[in-house]
Amino acid sequence: MGELLRVEHLRKVYEPATEAIGDLSFTMRAGELLCVVGPSGCGKTTLLKCLAGLLRPTGGVVEMHGAPVTGPSPAMAVVFQEYGRSLYPWLTVRGNVELPLRHKRLSRVERARLVADAVEAVGLAHVARSHPWQLSGGMQQRVAIARALAYEPDVLIMDEPFAAVDAQTRADLEDLVRDLHATRGISIVFVTHDVDEAVYLGERVLVLSGAPTRVRADLPVDLPPERDQRSTRALPRFTELRTQVYEQIQRAKRGQNVAP
Amino acid sequence: MGELLRVEHLRKVYEPATEAIGDLSFTMRAGELLCVVGPSGCGKTTLLKCLAGLLRPTGGVVEMHGAPVTGPSPAMAVVFQEYGRSLYPWLTVRGNVELPLRHKRLSRVERARLVADAVEAVGLAHVARSHPWQLSGGMQQRVAIARALAYEPDVLIMDEPFAAVDAQTRADLEDLVRDLHATRGISIVFVTHDVDEAVYLGERVLVLSGAPTRVRADLPVDLPPERDQRSTRALPRFTELRTQVYEQIQRAKRGQNVAP
Amino acid sequence: MRVRKPLLGAAGLLAFLVVWQLLPALGLVDRQYLPYVTDVLGRLVEELRDLAFWRRLGLTMSSWAIGLTIATGAAVVLGTMVGLVPFLRRATHTTVEFLRPIPSVALIPLAVLLFGIQQRAALVIIVYASFWQVFVQMIYGVADVDAVARDTARSFGVTRRERLVYLILPTALPYLMTGVRLAAAVALILAITAEMVIGNPGLGRMIELSRSAGDAVGLYALVVVTGLLGLLVNVFFRFVERRALSWHQSVRGEEVL
Amino acid sequence: MRARLLYPVGLPFLLLVVWALATTSSTNRFFPGPAAILDAFGETWIGPAFVDDVLPSLSRLAIGIVAAIAVGVAAGTLIGLVRWLRELSEPLLEFFRAVPPPVLIPIAMLLLGITDTMKVVVIVSGAVWPILLNTVDGVRATDSVQSETAAAFRLTRWERLRFLVLPAASPRIMTGVRQGLSVALILMVISEMFASSAGLGYRIAYFQRNYLVAEMWSGILLLGLVGVLLAAVFGLVERRVLRWYHGIKEVNRG
Amino acid sequence: GCTDSDATPAVQASGELRQVRVAALPITETAALWGGIKAGLFAKHGLAVEVLPAQGGAQAIPALLNGDIEFAIGQPFGAFRADLQDLGVVLIGNYASSYADGADINAVVASATSGIARPAQLAGRRVSVNSLGAAGDVTIMAAVEKDGGDPTTIKFVEVAFPDVPAQLAAGNIDAAWVPEPFVTQLRGRGDTFVVAPYQATVPGLATLTTLASKKSMDADRELIADFSAAMKETLLWAQDPANEAAVRQAIKDNLELPPPVADSVKLPTFGWEIDRATLETLATLATKYRVLDRQPDFGRLVQQQ
């Protein structure tokens, strides 16, 4: 598979003077599952917004399939960190999930099926007719996830998508994501604060330094592609990797310089 | 120490027909640190709002220090799950933290010190003059935490307060909470989805069933009161407890009935 | 970037002036009824050099300012109260709906009866008309407080007064700003209309005089003056708004791609 | 149930009583009592006057309101969304907004004749401003995360309008419409005070000129009633359009 | 440099003058009053008069009744209406009248395209007056009937005098009742003079009269007497051709009229004596055409001073 994303010397300064991203370079293959971790406030959300074409970088290049990203691409879906605010209170759960499908020339039946499947997958079939403000925090977050799933994107960008759900649901959703990735070959960029999650899900973990952020470490996850909540997490290599990532974050937080 | 909270046959139905809390009874001692876990959407936030006097129960009793709770008490501080919306965009970080202190007859100097300490404690001293919408998600959440800390409450109610912060910061904040509890004797009700966190922090873990919620299990955490991120988590008893809690949640999700 | 906005605005005005000049020039409208812009502007300059004009302008603007201040003050206080207390809101609903649409013009005889042919009569009319603009906005604004934000205030035991100052008023501020801008325009319109109808001295009377004299150029010059006044008022309130609402989406929100 | 009836009529009834008491003790001819006005109301408005004066006025009002809403929302949305357009047109709009409608009537009469169209245009020319301004503000205040969501999912222009911009601005738009309604009613009266020989506004002006004080007050009463009726209809529409919004408010009060 | 068009040489008479407020329409006819004040005729009688512009009886009469003003100068029809409502208004004198013969001060003018040449042809057409239900439409109806037309078919609309030329030209109305200077202006551009309705039906009809309230009549006889004497003198002064220039100067000083118009505008007959007969005729016509439902009580309304 070819190169999907290329980020080179990316830099983003929020006016007047907050340097969120210092100088960031990495590439990502098509079909890869890349996890991004880093200290709070280091610039992960900012990076995702630049990748998704929602924010114009101050400097550097973001390329997708070799062409510079100038705006949101139709092949991409995003799950926002601020899940609550990304749902439209005037639409029901179903309406929110269906909304992005409207311009996807699908038959009515097809569309209904996609929506129903996605809502089912996140375990919200029983509240499909409720409005978002009638749901709990975790349920709202799952609506946002369902919306992205139903959209059937080629690239899925997720910003701490499981922050507000319980351990069991989280495990189920993690497996759902792995499954999507494996069967449909979707490329996924996944931001998380949970180091175990990053290692369990990712094929590669990108550790970012504190703001202004740089790449602090780029660790390939050499676990078998067939993963399982029990056995994979019990592997010694898993523990090794998670310790490695954890230490990198800790150093990033302490602001140590990146080894060249 | 005496009884702080008594909840008896609590029931809450959202109009028209969502039964969030079925029949909930438990008590809590003053100075206790109680962790609440349960499946997503089971009614944890609803419970906290009832405890805080923000929501009127449909049935049952909530008593604090022997008197029924009819409205918010000045001795209580709450960290909301929807941290973003609980911050006022027209105030700076400092302004947000300072706001609840204004009616606390403190000298200006004293107040400034409290604010500075709290903001420092959550690691946001460098952005004290920014507005909340200029901050990342995790930073916003920490502002909400700082606000509750500066308030110096007797009872602290926290609804997934660390959902959006990185592993390292989370560990630091966990220790901060343990420390507050130990040195100042604050009573804390702490909702979390992280089972490890619940066991590490709590003196007792309350596991709730799926909605309409009941108490599924009420487990005392018999770990030594002196805890430490490395050694405590490495204790065999810790692993035992976390497996216990995890299994209870899993069963709760599968909707099995509570053993009487 | 700073200069872009006024430049564009000026371009808009200029285009309008050109169209105006062309209408009579191409014979689409008789110039007796729609005189050339150049003539009107010429007259305007003449007026601007006349002290009497400034005196009348002063009279009109002082009624405007006094009326607007009273109306805004009263509406903010009453609107906040009615908006916050459900009992008041429900009890006053029909009465408000009844009183609001009563044309201020129809109240002129009443005002004259109470206060005579004086500035105070005009003030009553101005206050009455502009009060409702702010009042309605205030009620809506006060009701728009975010639930989580409000619960936050309640749970921290923030006092009533502080809640008002730090939560409710900031939430209602964008609404208030719109209300005041609307009210400022309405007050100006009524200051002038009242002078036209009641006949107390000011710009309105000048307009009525040029009208009855069939002096189209003078009439349009004065209409332009009223328009310009409205513009100045808006520039002023926009400035205040940018100051007061720097945190608000509509002010900071221009960055999204 | 009792409270539901008590709230809408309670305060008006109280005011009516105060008024009646005040007028029995005073002999001022310009303040007739409620009984006299009610008499005049029956004599003046019930009968052919309703068809000749009131109905045409109301239909012009209705057309004017619909047109003002259409123009105000369409233009407001466009201006709110397109920054350069806003900057281009803002001074111009402010300019026109400040021109008193009575001054515009002769010009409108010239261009459109002494027709119903002229009166409708006058109504629109005043009622459109609150709607337009509120729409602009509402559109501009759309939540940033919500618009980012729309951008990320590549909603088309039309979908964005239909599912994001208009619903998000709808609470503000409804505030504007509510204010526009009363302005429209006022302008209906003013437009009939010029170049007219029938209509509700004309009648009121006529009574006023002829010191038919009770009749004049009955006209004002009728206007007030029309206002209440408009507000009631508006309330119904608003509750439908803003169901989600009131839903949230409802939950918050819970 | 700057100008100040308000700055008129102050003619403040010294001494103890009694303040009097008079409401008058801002029209050319008021020139007699302004001129008389400037000429010091009121000061001679111990009065300092302030002229308040009122837009018509609807504004002036409430102010008169609540004591905000002492006198008002207005059309007799306003006084008729007020009397019918028992408001307690009295006519204490005349002010201006139309001409019994010769070119009158107002007329019905038809647009050239309407083809109207005589009063009877107004039947069934759109005719404008400045205010419905007053002397204008009553006398026009009488004139049409006199000429053999059906007055009930005329469609009257209200158009303010200054708007008439444009509306006539646009074809929105067929004919209009206008005073000077509009009559001259319209005829000058080719519109047709149809009839002078006052002259045709009630020659010499009063156009403006002086009003006071019954209350002040009873309470302050001295003021009424002083003011009446001053008014009488003023109107005589204004009627004197020797003072015409001063009267026209008063127009220029107080109204924003272009000087050529102010110099050429036709002035009415000024005089203090009320011609009660013409007023009664007018009221009779008004009752006939159902503009009024009964006759005012002239015995109490007219109190010539």
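For reference, chains read A, B, C, D and E in written order, and residue numbers begin at 1 within each chain.
Throughout what follows, a contact is a pair of C-beta atoms (placed from the backbone, for glycine too) under 8 Å apart; a residue touches a chain by one contact, two chains touch by 3 or more.
Quick caveat, the model's predicted, so the values are computed rather than measured.
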Via touching chains, subunit A connects to subunit E in a minimum step count of 2
Any chain touching subunit A and subunit C at once appears in the list B, D
If you tally C-beta contacts per chain pair, the winner is C-D
Note, CA centroid farthest from subunit A's centroid sits on chain E
Between subunit B and subunit D, the Cα-mean centres are separated in Å by 49
When centres are defined as mean Cα positions, the distance from subunit B to subunit E in whole Å is 83
Between the Cα centroids of subunit D and subunit E the separation in whole angstrom comes to 38
Note: subunit B residues in touch with at least two other chains are 14, 82, 85, 133
Expected list for subunit C, residues touching two or more other chains, is 33, 109, 113, 147, 196, 211, 248, 256-257
Where subunit D touches two or more other chains simultaneously, the residues are 30, 106, 110, 143-144, 148, 151, 208, 248, 251
Seen from subunit B, its contact residues with subunit A in the complex are 14, 18, 37-45, 81-82, 84-85, 134-139, 142, 160, 163-170, 193-195, 246, 249-250, 253
Within the complex, subunit B is touched by subunit C residues 146-149, 151-152, 154-159, 162, 166-167, 170, 173, 247-248, 252
Per the touch rule, the subunit D residues reaching subunit E in their complex are 29-30, 106, 109-110, 113-114, 194-197, 202, 206, 208-213
Within the complex, subunit D is touched by subunit C residues 4-5, 8-13, 16, 29, 33-34, 90-95, 97-106, 109-110, 113, 129, 132-133, 136-137, 140, 143-144, 147, 150, 174-175, 178, 181-182, 185-186, 188-190, 192-193, 196, 204, 207, 211, 219, 223, 226-231, 233-234, 248-250, 253-254, 256-257
The answer for subunit B against subunit C in the complex is residues 49, 52-54, 71-74, 76-78, 80, 82, 85-91, 99-100, 102-103, 131, 133, 147, 151, 157
